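Please find one structure pasted underneath; my questions will follow.
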């Protein structure tokens, strides 16, 4: 049974308890930040910030709205990161979301480039290339695995308004659709459940009262053409070519040796 | 071109005969090189209930201490007001004691004294600090005491909405016994 | 004792070996990323560090060689891009030759035969591709757009497959193929027997024989 | 809070005004959200669009300091609507449970913003007498509400000037939004509907802060929202135990349990009780209402004072010595001993010593530059805290010459909340026990132990000095805690029956003859022989028959575990709850009494009780009914619009009296800013991620990461005029000082149209100071040393300022 997080933006007060809960449970240190003229901080996700809230002010029809969005791993079913991860440090947890075994990470950064939501981060030594990726593991980091204990993720547990819920994905899809219906009834014509179908179904879904673009979410997230071309065409081709080459060379060796030995024998016979 | 993960496995399995030849299996979900995907949580020493020290919602929290002397704080799920939730401040309460597994370096750990006109702190032991403070209180009180009204207007007390009830009570009791009338705390401001 | 001719000068041989070793390091440390079962070798970026050391050697070695051996370089590059009708003949005849040793349709070859020149061309082109895409992935990893980096990986990977398989072929022919018994000697010691030269590089041998004294 | 946090979920409409609950009490929104899920409307009234506003159904912008105009207009709307559509209101509640029907002194006059004659910043006694009932002991009532001198008609007249156009011209609120607020909130006036007001320091921190709250109280009483589930006026208290510290009365004007402090004129205990007005003689019995008896609970105050004195002076408190009443300090009525008054006196050099227990006035007090300077006049300063705070370090502040500051400073390291044991009282009056999890760092000690050490040493010094003045007040003080712990103090606070030595069961058992003790009568019942320490209870089941969320077996709340106070007003004269879904008390029968919450007095419903025993519901009021006409305040029986001490306008748009005539105006380094030089309205507030003076949050890296620097907020128009863009360093300044900050330029502040002028707000955060990990200028550098007429709470929320790029 797949599990998921449902994030209801209409209930979120952006208290950012989730941000601190994430750092607290996962033992992540604080970053040094500055005020950039906004409440939003840290400026971006990072190896020590796996979850951050985004703040956006808009003024449709002269009425101010202050929108809050969660920025963290969306735990895709068709996950670009899992697709490209060469050491399979990133993998699909049996409950559906994208778990991560940091010990296996080689620091290649392919996941960072492949993520349609721009989520994984690493601190990379540009010269040596030494790096480790980090991202939200939905609290399944080995040694800090809340899910294995049967608990909900730290961010969900702490959410004051239950804007975050953790449950069976099917139940949350139903719940999310219900919320969307009630929002539509209340006049939010563009209300939608983001993540229900995107990328094979996300394991973090958003109840939005407006179009995803208003919340600065990718409207139709896709695994990039480069990932597909690379992983689904070139990599298998590489195996095929490599494999055939080895086979061919082996074959050649056996055939050629036999032939040449025969030639030699002929010569020897002729010469004797 | 959109291939599902399963298709990809099929495709690579089919195309990569050579790979199979070389490395046995291509199934990337096969057990990997013995790196554990699951480790148990750290050993707990105890769980202690507390009430958040910030605003007056009165949320319950649980302080969990571990064998490695670290601690974590989370909302108390049994508490009827917060039902396990805490806000950013409440959760950060653990850092009052400990930051990144070490004692918060900004906490006061011993009494300090600054002499008149002094430009630096000096460390002081508790005995000296208490003795000196008691003497200062008595000297100021005695010099300014209005016996008719049983008060001194020269010694003042501030605090404390951050103290426990029992501490507030004791402070109220001692302040009044000393005749203080300038007696306030943050409820007024 | 049969006569010997100098096939490869010492600097050329040093370059070859340095380049080969660095390429093999690059090949193996890159290959790790193809095989999840070997992913643990790449943990903590160990193979990436080795890959980069290999890459430095791979890039620097020819840069040192070129100015010191400008004539040879010029000649080599010229050869890589000089293709003619005999090459087609060679390609047609090669399978038969390499499987059965039947050399009757093989056109006479220069210092490098068609196969060797093909390999040489791939070395030049893929080397350039590896260098360019590799440097971008190295130094622009944190600044270039994700799409650019992804296509760089893609191209690097294509070059890897091409050069990698050809490298296998190259090593195979150099070390194991029953007929190529002196190619190893050529690149290891520098000299080959006149007989071998006549047989495998007839055109070149004629030129050499004409212009230079043949060692006995 | 009259109600409590969980009860917010039972509300039909929540008006958050003068509070930013989503940011400053984030968990309150758990219950606001639950109410909204069930269809409740949320109204946010604030000069600034906040995280609270972002979740509101209606956001009404309002110029800072205009609550009285805003609420007055709503009252006017209701009073007019009530006459047209009485069926939409609970008129039984209004006439029988409030003083709407009572007849006021016929000499009452209101003229041009004044309720009679003012002399030296005070209404004359004659003026104040005209605010009282026509008959002060047995006032007449007109349940038809038609008598021109009844409270209802006087209010109608007073608030008739508060029409929507006038109000919106003052507040700057768009009129359509304002009318929407009126309609939406007034809908809770229906029987069975409940509206709640959540307020905080946005309401109180004005020179007319008390009258702002009076406005809310009037509104809630007219809408029958007091005493009911989902209603009430709920002061969201900002500090974890500011409720408890207030109950313990660490305040200049009250003793533990809200007993009055003695004054110089109180020659003995009885004189004091008489003057305080908390005595049986003060009972007022309204005539002509269904109820005929007021319990005047404060008439018991002597029992509580004597029990307090027994707790403090033990065997030295005897009938013969007035139970040691003369040991208590007596105040000079001419002096203002409150926070501002304290620093005025300190500025004049009259205060020589100060101890601060977990308080940081160098950041938290108004006019910081002045208060920091005043600290230099002390001979000695003690700061018991868990951090080195700005007050302890005042001599080392930027710009100070340490060598010329002769204050001796003692810093005592204290334990944090989970490094010790004890109880704290939340905003809903729940006293909750918390336990020790870890040891304090180094040699730090809990404040309780520090106090014990200090007081033992002081007692020792007085014991040894037989000629010391006022010696007995110290030496006779009962202080035998040994190795003190919170448990033994909690028992003392609860009190004992001294004849049996057993813990007192509740304040009902306290006596005025010296046979009982109780350190705080309000907390009597928190620790009993049967149940032990009730603050530590963890009964997580809601035992209320209708499960309205009382959780009466979780911890304990004062008074006597009553979760919703004034709950006798939640039922009609027959004892039937107005709201059958969310009854607070219910099912009265003469055997089992009431079910549900602990009732505000267990008497029978008015219509079932005998003549002369028909108890009126508001038991703490001398007249037994709620005062929508509140004559006990120093600045008038009704709220009236005044401008803040520093106003952007040149006159009061409502009357010729510009500011509250009774406000306290400080003199010490308290420069006044003028609108010509400082045209913008400054207001201070908090953010979610920091807290109070910031010393408890600016030292925590996770919170500093979220809000790293001092910032100010302003609208886009003002920012454009000043050439400021988001993230710029700016200086906000006025006559008292200047503050460096980062500019947050936002749509969430909008210029408001007021009296033909465009008003810009500048929002100033109040969390920063020069000590600790994240440092910056304190917002209070800009705030004035002026205070509310009744409480002297500083006017932090409205002042004038200007801004420029740094």
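Every chain is named by a letter (A, B, C and D) in the order it is written, and numbering of its residues begins at 1.
FYI, a residue touches a chain if its C-beta (ideal position, glycine included) is under 8 Å from a C-beta of that chain, and two chains touch if they have at least 3 such contacts.
The structure presented is a predicted model; accordingly, all values stated were derived computationally and were not measured.
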| item | value |
| --- | --- |
| Co-neighbours of chain D and chain A - touch as defined | B |
| Nearest-to-centre chain - CA centroid comparison | B |
| Busiest interface, counted in C-beta pairs | B-D |
| Chain of greatest Cα-centre distance to chain B | C |
| Approximate Å spacing (C-alpha centroids) for the pair chain A, chain C | 40 |
| Chain centre separation in whole Å, for chain D relative to chain B (CA means) | 27 |
| Interchain centroid distance [CA atoms averaged], chain C/chain D, Å | 85 |
| Inter-chain centre distance, chain B versus chain C - centres from mean C-alpha coordinates, in Å | 64 |
| Per-residue overlap in chain A, given as positions that touch at least 2 other chains | 15-17, 19-20, 24, 29, 87-88, 103-104, 160, 229, 235, 237, 239, 241-242, 245-246 |
| Shared-contact residues (touching 2 or more other chains) in chain C | 36, 39-40 |
| Contacts with 2+ other chains: residues of chain D | 26-27, 30, 688-689, 701-703, 706 |
| Residue ranges of chain B in contact with chain A within the complex | 1-5, 7-8, 11-12, 14-22, 26, 28-29, 32-33, 35-42, 72-75, 77, 82, 84-88, 90-92, 94, 100-101 |
| Complex contact set, residues of chain A against chain B | 15-17, 19-21, 24-25, 27, 29, 78, 82-83, 87-88, 91, 99, 101, 103-104, 142-145, 148-149, 154, 157-160, 200, 223, 225, 228-229, 231-233, 235-237, 239-247 |
| Contacting residues of chain A [partner chain C, same complex] | 86-89, 103-110, 112-114, 118, 124, 126, 128-132, 224, 226-227, 229-230, 234-235, 237-239, 241-242, 245-246, 249, 252-253, 255-257, 259-261, 263 |
| Residue ranges of chain C touching chain A (in the complex, touch as defined) | 32-34, 36, 39-40, 42-45, 47-49, 51-52, 98-101, 138-139, 141-142, 146-147, 149-151, 153-154, 157-158, 160-161, 164-165, 168-169, 172, 176-179 |
| Chain D - residues contacting chain A, complex | 22-23, 26-27, 29-30, 32-33, 49, 51-55, 59, 687-689, 701-711, 725-728, 742-748, 750 |
